[in-house]
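Have a look at the structure below, then the notes.
Going by the order they are written in, the chains are A, B, C, D, E and F; count residues from 1 in each one.
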Amino acid sequence: MRILLINPNTTAAVTEQAAAHVRRLIPVEIVPVTGRFGARYIASRAAAAIAGHAALDALAAHVAGCDAVYLACFGDPGLLALKEVSPVPVVGMAEGALHLACTRGRRVGIVTGGVLWKPMLTEFVAMLGLSERLAGIRTVAPTGGEIARDPDAAIGRLAAACRDCAEIDGADVVVLGGAALAGLAERVQPGVPVPVICSVEAGARAVIAAAGLAGARPVLPATESVGLSEELAGLLRVRN
Amino acid sequence: MRILLINPNTTAAVTEQAAAHVRRLIPVEIVPVTGRFGARYIASRAAAAIAGHAALDALAAHVAGCDAVYLACFGDPGLLALKEVSPVPVVGMAEGALHLACTRGRRVGIVTGGVLWKPMLTEFVAMLGLSERLAGIRTVAPTGGEIARDPDAAIGRLAAACRDCAEIDGADVVVLGGAALAGLAERVQPGVPVPVICSVEAGARAVIAAAGLAGARPVLPATESVGLSEELAGLLRVRN
Amino acid sequence: MRILLINPNTTAAVTEQAAAHVRRLIPVEIVPVTGRFGARYIASRAAAAIAGHAALDALAAHVAGCDAVYLACFGDPGLLALKEVSPVPVVGMAEGALHLACTRGRRVGIVTGGVLWKPMLTEFVAMLGLSERLAGIRTVAPTGGEIARDPDAAIGRLAAACRDCAEIDGADVVVLGGAALAGLAERVQPGVPVPVICSVEAGARAVIAAAGLAGARPVLPATESVGLSEELAGLLRVRN
Amino acid sequence: MRILLINPNTTAAVTEQAAAHVRRLIPVEIVPVTGRFGARYIASRAAAAIAGHAALDALAAHVAGCDAVYLACFGDPGLLALKEVSPVPVVGMAEGALHLACTRGRRVGIVTGGVLWKPMLTEFVAMLGLSERLAGIRTVAPTGGEIARDPDAAIGRLAAACRDCAEIDGADVVVLGGAALAGLAERVQPGVPVPVICSVEAGARAVIAAAGLAGARPVLPATESVGLSEELAGLLRVRN
Amino acid sequence: MRILLINPNTTAAVTEQAAAHVRRLIPVEIVPVTGRFGARYIASRAAAAIAGHAALDALAAHVAGCDAVYLACFGDPGLLALKEVSPVPVVGMAEGALHLACTRGRRVGIVTGGVLWKPMLTEFVAMLGLSERLAGIRTVAPTGGEIARDPDAAIGRLAAACRDCAEIDGADVVVLGGAALAGLAERVQPGVPVPVICSVEAGARAVIAAAGLAGARPVLPATESVGLSEELAGLLRVRN
Amino acid sequence: MRILLINPNTTAAVTEQAAAHVRRLIPVEIVPVTGRFGARYIASRAAAAIAGHAALDALAAHVAGCDAVYLACFGDPGLLALKEVSPVPVVGMAEGALHLACTRGRRVGIVTGGVLWKPMLTEFVAMLGLSERLAGIRTVAPTGGEIARDPDAAIGRLAAACRDCAEIDGADVVVLGGAALAGLAERVQPGVPVPVICSVEAGARAVIAAAGLAGARPVLPATESVGLSEELAGLLRVRN
């Protein structure tokens, strides 16, 4: 199986970190792609909105020959648009991790970096329809980008946030969210009384589980456009 | 009062149609802006995702000197991102029209063109928190773009859809949605037993009502980026 | 435009306070009316139930010649009944303020006087369908009536409650509710990190925005009655 | 046990019909009271709003010496206000009938007379928090008043509506609602494949069940008033 | 009236305690039955799942000649299955107590013993459709079984939990839940500012209220089985 | 990876059918177990309640040495109880299939055999928290057991139901539910315009995805019991 892993921010190091983590755990071929334009790290609504376009741009350029697409940004900017245009199944990191977490606990907590993600993820979880399963969302001040640069400094804060999810919010499973946090779940787990799930790993496992469940696809209206990449304009123009 | 009216699709005629309709009804200065890139008409999730970026790009370039922003596309792509970065209040067409419709009826119906808009608008209404007030959404097959090109041909279908909203879905007010449908509400109203509200007009009235209610704004994290317009990169970089 | 401003409690000073505040801000003609019977101040369910009847009684007596009705009591007793019988649009103070606040923030907080208003307003917000947008409701012990008599003593408490809405409940906009609190929002705003909206002003702006969006009205069943004012009995008897 | 049965419309025949039906079925003493002012029959929001005041007026005048109060109007106008001021437990006809119906079936249907009751009852059920248990509400055109005058003519329509609740809406129990429909459930039951519950009887049984579950009562703010009956003004003034 | 009282745990002393408490308060004939297999006390999901089967087994063996069934375990394991197969109405202790509590207060709190009951009861209340009426659930560490063995030691904790329901969670009525807590509500009430309702009593009163509201019953598919009691296998086989 | 596949009904042929289907598709070792007591086929609440106990009984007897548990009955009787006691992760057929279906479509339809499953699955989906993602549930008259005996006769009905899910209920993906329907999805897919997902396959893929995401487990209260299998009594007694 060949999976297109899209990191819609513009920092290649994050793409590599996520791809490497997935490859260590799961025997699949990963085709990693970094966003062509947009914010270095996504920690605001504006950056996420731009990232949605960048993700479409990346899919249009690179999906040929792939079996599935992994939108590898926790919060999944552009997720539904990608699913709409993609010729193969698309699963988002937060989407996949949260659905799998729901099979491991009744009340799911989320811990991530960057305070603006709390309202954004609250809305994302509502869009997934999983609000009733959400125990709470706790963010630590360093954004994903800052955590990627110095993970050791963040471990303590992340573990404390996970404990609070369990002890205060009543979570019985916690998703540690963010491509930049790949590999940190196992370092955070000791001292946290409930399972801590790595979103990069869980999202990838969800992609693989979903990849086989293919089927018919609806016909979409063709539309003309200006100023987009050739591939993306092409995707919008010919819609079978 | 000076209102920046952003049409995030790339068809200037639609921008002019909406701006002209607002000017006819309300004594305010309109600064109309058309999207710099993206689909000609927005009738799919992919087009809407790209439009969110185009709307940010337009705001960054043109908001200086304006008192409020009117996101003039029914379905409001990029609405929350715009509100996040804008130095002045932002109201979306569907957002404003729906909130005002809620003061005119208990159960609000929506009629618009383009079948893909039904799921998109259902999610948008849920994001507004107004799902309980929604009687139903009915689309006619011609997209907003097609209706703009030949409105006469669409009037009958639109009126029938509005009637069905009232008689089948139980709506006691209907919002006729779409910049391309500006001015059609009064032609559709006869034969529809409940008020039909023009989204272009209602959205504009909501912008004006909200514009005076200013206040403090939160500090957002600065972020670097690549490949964006200078103005938009600037907005993301300096966040007071 | 001529707006009938109904204060359904029986304290004329409150009616004047609200009307004066609106006139200062908006160039419209206000026809102020005070309830003919009922509690001096509305701070309980029983008082609100009686006020619903008093509001209908006032509308029946005074709506002729007016373009819209402003139910100027935060909590809007009798709102839906007024909308049902009124020949012109009716908007309530809380209704209008809350819908407009929704365009200025994602999570709306409410601060008002009188502890019994919390459950009453929680139900009112649910009736509006806006429960998901509500961050929280905080009341201060002095009722609206007591605040009206000594506003200076209440400013500190109101500001603290607004701050708690923002910092504890996560509100990014707060509605300061109550006809008796007209004019206090600007005194409360300093020291509160999110916009504080005056319900008297915001409600009035919503009335004006909605007033133009008229339309067809349903036919209601005629009913006989006893013991009501002539005008109200007449409204119930002839229903076009 | 002595139960104050309040009929908040102004038609004594309806009060007697309800009281007689309860006495036939349950060995309790009924003190029947008819509204002192308001609509002859309650079939609109305006009539219901006035009835809320009339119910308070009736309670204030007659509750002394009673053990519980039965608000005998399906839709329960003024219910929460009555519970707030009453020295003894208050249960409404729709409230009691619906809660008991919930113990007899998973999905509860409601059938009543008067088309305006559908939105009003939908909101009432939401206020009870029972929206998820509601299969649907079906009204027949004759209002409760008209049915009271000629029940035979209505039986067929009521039975058909009950069948539709079961067969179309999926109800496994139906509440036949309305004081004016007392005694009709047994005539409607044949030909309806699910239990049809008389709201007058079920509401009364709920009053009796709840009456023993007494307890502490909160202190309410005293308020002055004008233009109310002496007893009601007294209830609002002295609040222990 | 003859009521089959099923205690689905396997401790006869609890059955007797509940039956005795009901007999003291209400003049009905109780037929008490204890579970034939399963956990001594039900304080986990596994124990509750087994208890559902034990309750069916008990009903099949003992329902003949009874007019109604009282599932006397707070949390009502097997409730919907019992209602499905029973020839007479079935009401559960938590079901009945909660519906009646809803008529005595707007926000209902629950206090019981055994920390695992909190998530289980949260789901049960959601199944009843009453989540919006729930103020909160507070458990004390001793399980129902432990409280039954030493009630005096638990009174203080139970009272404190009830107070917290009222003062922190905003409950205006509290249900003290559990067959093993029969008779403790009156000892807990002093010092709790809102009514504390005994679930054993309230559930019984609900059974009696619902018992008269009989009606048609659906036809169920017959099914063969192995390894069940003769009576239960018979119930599954012949389904009229 | 070794998966314990529990079929909680008492028909070994169904167990074999499900196990064989999984083995054909996925390279894992399956340990199939059939319920030791209970209904031959589960098509009612009573049968499901008994099956919950049978599933616990099966897990207690056979989980040693397995890496995960697949509760292979669509509707997952006893799911939460199994998760509570199991030393390894447990995923249910409907649970897993629905969560994965959510990644393949926005609105999920369910088709299965046996009319009583509709209300039961509606409640199950609500318990999963996925009600907002559910387009609808359609059942065909033959129960799972009957379909297993003559699948050819059922194909037409199942396909029609799937089409109605898509065309009437608006589903963009349909889960064909039931162990007895293993292998039928591919025969039903032609002529259905949206993907039809086999619940047996999808559930298994979800088990595998979740199996790796292990973690800490809570301590549960020990409880004594009577009349249970030795292994199950042991599970309830020693709870680490």
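Keep this in mind: a contact is a pair of C-beta atoms (placed from the backbone, for glycine too) under 8 Å apart; a residue touches a chain by one contact, two chains touch by 3 or more.
Keep in mind that this is a model prediction, so the values were computed, not measured.
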Exercise. Rounded to the nearest 5 degrees, what is the angle of the rotation relating the C-alpha atoms of chain B to those of chain F?
Worked result: 120
Seminar exercise, completed: Chain centres computed over CA atoms; the one at greatest distance from chain D is chain A
Exercise. Same or different: at the chain D/chain E interface, is the fraction of residue numbers used by both copies above or below half?
Worked result: same
Problem set entry | Chain centre separation in whole Å, for chain E relative to chain C (CA means) | 44
Exercise. Taking each chain's centre as the mean of its CA atoms, how far is chain A from chain B in angstrom?
Worked result: 29
For this session: Specify, in ascending order, the residues of chain B that touch 2 or more different other chains.
Result: 80, 106
For this session: Flag every residue of chain D that touches chain E in the complex, lowest number first.
Result: 25, 80, 89, 91, 95-96, 99-104, 106, 128-133, 172-173, 189, 192-197, 201-202, 205-206, 208-210, 212-216, 218
Exercise. Residues of chain F touching chain E in their complex?
Worked result: 10, 36-41, 43-50, 52-53, 56, 78, 80-81, 84-85, 114, 116, 123, 126-127, 143, 145, 220-221, 223-228, 232, 235-236
